[in-house]
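The structures considered in this document are given below.
Two complexes come next, and they have one chain in common, chain A, joined by chain B in the first and chain C in the second.
So, the complex of A and B:
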């Protein structure tokens, strides 16, 4: 399990962004030397066919090719298909560098020898990243196998205009009692308080993560997901007890909605708040700039004063190099460029079909945060308040446990919350029945 | 006279009864027809609405705009010519090879009696019972190992030929089964007279049996085409380069990582389904006879 801590170093670097800009610019030019060797043509495996990421990737690749003269073959696969097929992909004829996720999801494949060691890449660009990112990029053997690109936090999203109408502000929703009061107020106005969807089976995992981290703390959460704690523990039952208190404020069709169904409730002002990853800001922006400007995020409220609001789910996306690729040194060379501020800038310069810049919160310290819009700044604040970063339940535990076991368990809990004892028993029994990892 | 009247009355009564029965059956069939047609109509309806409209007003709202924009977007994003060509390059060889090998085996097991012929037929039919999901890991490992052994990693894995081969292997069981049942309906005397006239085994197959098999081959070919055309699974697990995959995987290109624009996807689905629909309407007769092929044994 990755011990991801968001250290002081990172925050101070971000605070000093204005001053740091100079230093980082110098750093960038010093590092410009890497990535210029002719390491030959390589193939790039993209985990998305969406317009935004595709434009970013193409811009990054164009900048790399312009600089090194190395040709890059682009192979994009739709994300679900890519993810489900990754094991075969990596054993077969993978692209040299490919997009993937940090933490357990990366370690799982690194352990099987399917990822190439990127320690030398980190030697070259490591000083541009906070320790928390390095830890999330490190395999169980202490070597790095991952280069981070971007992140997004999970938090409570709401519309500023609705908050104002309800007489609320971010400061008045800081703990559980205030949170329930807020939901109550929304319910009285005929709104859905806590918009939720769990048709896909993964959406509600975010709610479990944050409740568990708030009630029982970061350490218990990661230990539970790593199998060092038991699902039958009274602490886990406590999570479900708190969760059950939210059910009256949810839309009644939780299991019929995917996450974007819940988002639509917020967009249509039928719901007052939603716990979700901030990626969907792009959807609001697509709808209209006014909707995007109205969107706001705050950290999930404190429940147990011992832990405060010290943990956040903030999945990190980035790249790995496939060990079975034909050009490992080319792959690493590309990532040296992509992870360096020079590559990050090339990515950030990409524009969407309307000619607008694509919002991205980069993992690199050097991104000029003064260009962030209001929503991005709020995301940053949510991130900065947290001491511990988790990746998300299905990225923090075994893939054969998260999707096939936890997902359906939570869905059956939604169907019948009274069955909670049976459900945690079955969760523990299924964890115990898993074969040991090879 | 009175008997006539009685008979007439009985006939009318019977007719009325039959009419009620017919109406009942029609209503029953009608309900099922609606249940079947509804998803298709809904897909077409969805494909005409922009996602933005649905997102802002909900799925069941009255549409503000109806247009073909989703189709234009789907066509440009799906890279249609490339993926249709990929499908073509997989489907055509696979169907021909399946029919060729299937008819060869069916010919031998139905026309010649030897010790293992029933077991051989059973073996081929049994292959049908294995779900693809069960055998794909061994197949995948075999392709990789073979590629490594000859030094060409993409010999079968990530190559259209690998997918063609697995389709041939998988569909051959059904083809053999159907064709051998059909051949059993061909009178033995034809074969006997061919042999008496001194036809070799090969002549017997090409000159006597194949022409007789034509209707069966046509029906089976239509069925196989739609099945292989619709496959998504094998191309996904046996290929790593997306631009080599068939049209079914191009539909995935319309799906976002987080957001799925179902209106766009519906337009794509309609486009991808068109060739099968056309094949169905043009060759409806073969289709139906293909499904019932071999169900009667002579």
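So, the complex of A and C:
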């Protein structure tokens, strides 16, 4: 895949950002690496209570237990609560293996010694993954701490039927002017052009990511998130200027809707398009197969010809093993199975409440892309067009900056877009006030 | 003169308490005191210490002294802090100026046994039975874009009234929700106080030809001093420590910043920093300052 080289460049960028942490990171893996013997019962920590992921996890665990006779205790927590408690959870008595995200968010905990070294797991199943995934699973000390499960791209989602009614097609919405024309046409039809929600404080980060990458390029974006560029730069102001042009086409209650509220607008055909990660395909499928078949994704349009459509946010979800868990070797053994094509197939075989297969784009290169449905093939195309892969703003920068600083800043921008100068000033001031990394 | 008075008091006390009494007393005072110190003041003290450090909450060996950096960051670089202060002040003003007086008025009317007073008493008291979290859940269900009220008005999520998202109105929406419970709480406290006011006082006032308002202002209100103190303290505390309703409705995002949610946002999750501890200390100082000052003046005048 095209991610390979760029993944490396991105990773080295992030390494540079946190180089101070390297010295202290070494102690992290002492507890791990007990070999590959499958031992005893283990506990699985899920960070979702939704029906789809639960069905997938249960199917995977059933297959693992059937094969190894190892009992797996299943503990599920709602994802926000799981994230809020993660530090305490990992320092207390965590489940042996738990669901988490790749990139900075994983490296942060690996550095603190809270994740077990999974180098031996990668030794066993590594050849089933593109290098980019290995890089995204690697801590700052060069060891792997993460096994990827699935990925999804962020892009413009729309309904094929509505596009047809509006006389649009994917290749008529390739640049900013065409995009604004599209939104204008939707508005004239009484539709919300650009469905948006930011009540959760993170949803709109995806819009910032893609606008910044399109206008200023991948390198500026990662440099900004790593603190090597300034938020007060005219380039950042330019992002907000473009963003402000979208506001007239958004639903007026952006701060009242979470991501699923925005999705409902598209599902109920009240909105013509939405920028979001493709993970919600499963929600459409739960509604009906027809709604799912109607769903489509294209890359966010080009703004600056210099950068084209060369970057995409494509977060990777997967698992880690908690160093403080009681059964590290059991956790590793489980992930060896989960990451292997055998486990992936068990996950892919999971069915939703209607008895339909739950769509998933696996990180494992053994998943036959010819079995992808139409929507998944479009996701693949979005990925293939991109030269550079980013994770997501809150996975690509310091956690004490993304959540408590950038989220509220974007929300206050929505409240008063004219305050943009004040907002970028305060973003930079708050970055400068962050404590030095460990 | 003074010293002899205390001396005789002490002697009196010594005689009054037997050895068994003293053992019991020290157990009854000592055990709760121990737990109080352990569970309240030790964490409070540690929070104050932590607010002067950089720490992500993971492995204590990584803690670093930060001096006043967290406070400097909050006061000079964090606009959300001033938004939160503003919201907390409006909250306090609303409670002190509207919700608490309404609760007192209700208590007074119910105490006068107006028609249907039993019904009003129950109706206004009912929300107090619910925890703040449940209150938040109920009102969120009613007022969110796909909630009951918007449904009743026939509005879909794309043109729903933005009760929580529109920052021109959302503070008043939140305050109405909070008052829904606060009014009943104050009413109950005040009602209990009113019941204990000597009927003879009222009769004397009405014999002297005092109007209803004069009776309340000049006779009943002063006679209720202990309850008034409690009501004032509760109003201040409830306004400053507000958290539950806002957290239920907005989560840990900054959709509606108040001090309570800022503490949580900066201390929970991956973004944990001791800025959260600094927020907690600020909140602590703000709450305890006016309360200590108020109680001191009140009790001083009592002693006199």
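We adopt the following convention: the second predicted complex is superposed on the first by the 400 of 438 C-alpha atoms of A that agree within 3 Å, B and C clash if a C-alpha of one lies under 4 Å from a C-alpha of the other, contacts with A are read in each partner's own complex, and residues count from 1 in each chain.
Convention: a contact is a pair of C-beta atoms (placed from the backbone, for glycine too) under 8 Å apart; a residue touches a chain by one contact, two chains touch by 3 or more.
Small disclaimer: the values here were computed from a predicted structure and weren't measured.
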Chain B and chain C placed together on chain A: clash or fit? clash
With both complexes superposed on chain A, which partner does A:79 reach: first (chain B), second (chain C), both or neither?
first
**Message:** Let me test your reading of the model: by the given contact rule, A:286 touches which partner, first (chain B), second (chain C), both or neither?
**Reply:** first
**Message:** Looking at A:108 after the superposition, I want to know if it touches chain B, chain C, both of them or none. Which is it: first, second, both, neither?
**Reply:** second
Which of the two partners, first being chain B and second being chain C, lies in contact with A:401: first, second, both, or neither?
-> second
Comparing chain B and chain C in the superposed model, the one touching more of chain A is C
Using the touch definition from the top, say if A:92 reaches chain B (first), chain C (second), both or neither.
first
Q) A:264 contacts which: chain B (first), chain C (second), both, neither? A) both
Going by the contact rule set out at the top, does A:308 touch chain B (first), chain C (second), both, or neither?
neither
(Q) A:49 in the overlay: touching chain B, chain C, both, or neither? Say first, second, both or neither. (A) first
Chain B and chain C footprints on chain A meet at residues 80, 84-85, 88, 91, 264, 268
Note: in the complex, chain B contacts chain A through residues 52, 55-58, 77, 140, 143-144, 147, 153-154, 157-158, 236-237, 240-243, 249, 252-253, 255-260
Residue set of chain A touching chain C in the complex reads 24, 80, 83-88, 90-91, 105, 108-109, 112-114, 192, 199-202, 251-257, 261, 264-265, 268, 270-271, 398-404, 407-408, 411-412, 415, 422, 426, 429-430, 432-433, 435-436, 438
Note: in the complex, chain A contacts chain B through residues 45, 47-50, 53, 75-81, 84-85, 88-89, 91-95, 258-260, 264, 267-268, 279-280, 283, 286-287
Within the complex, chain A is touched by chain C residues 54, 56-59, 62, 64, 66, 69, 72-73, 76-80, 83, 144-146, 156-160, 162-167, 250-255, 257, 265-266, 268-273, 275
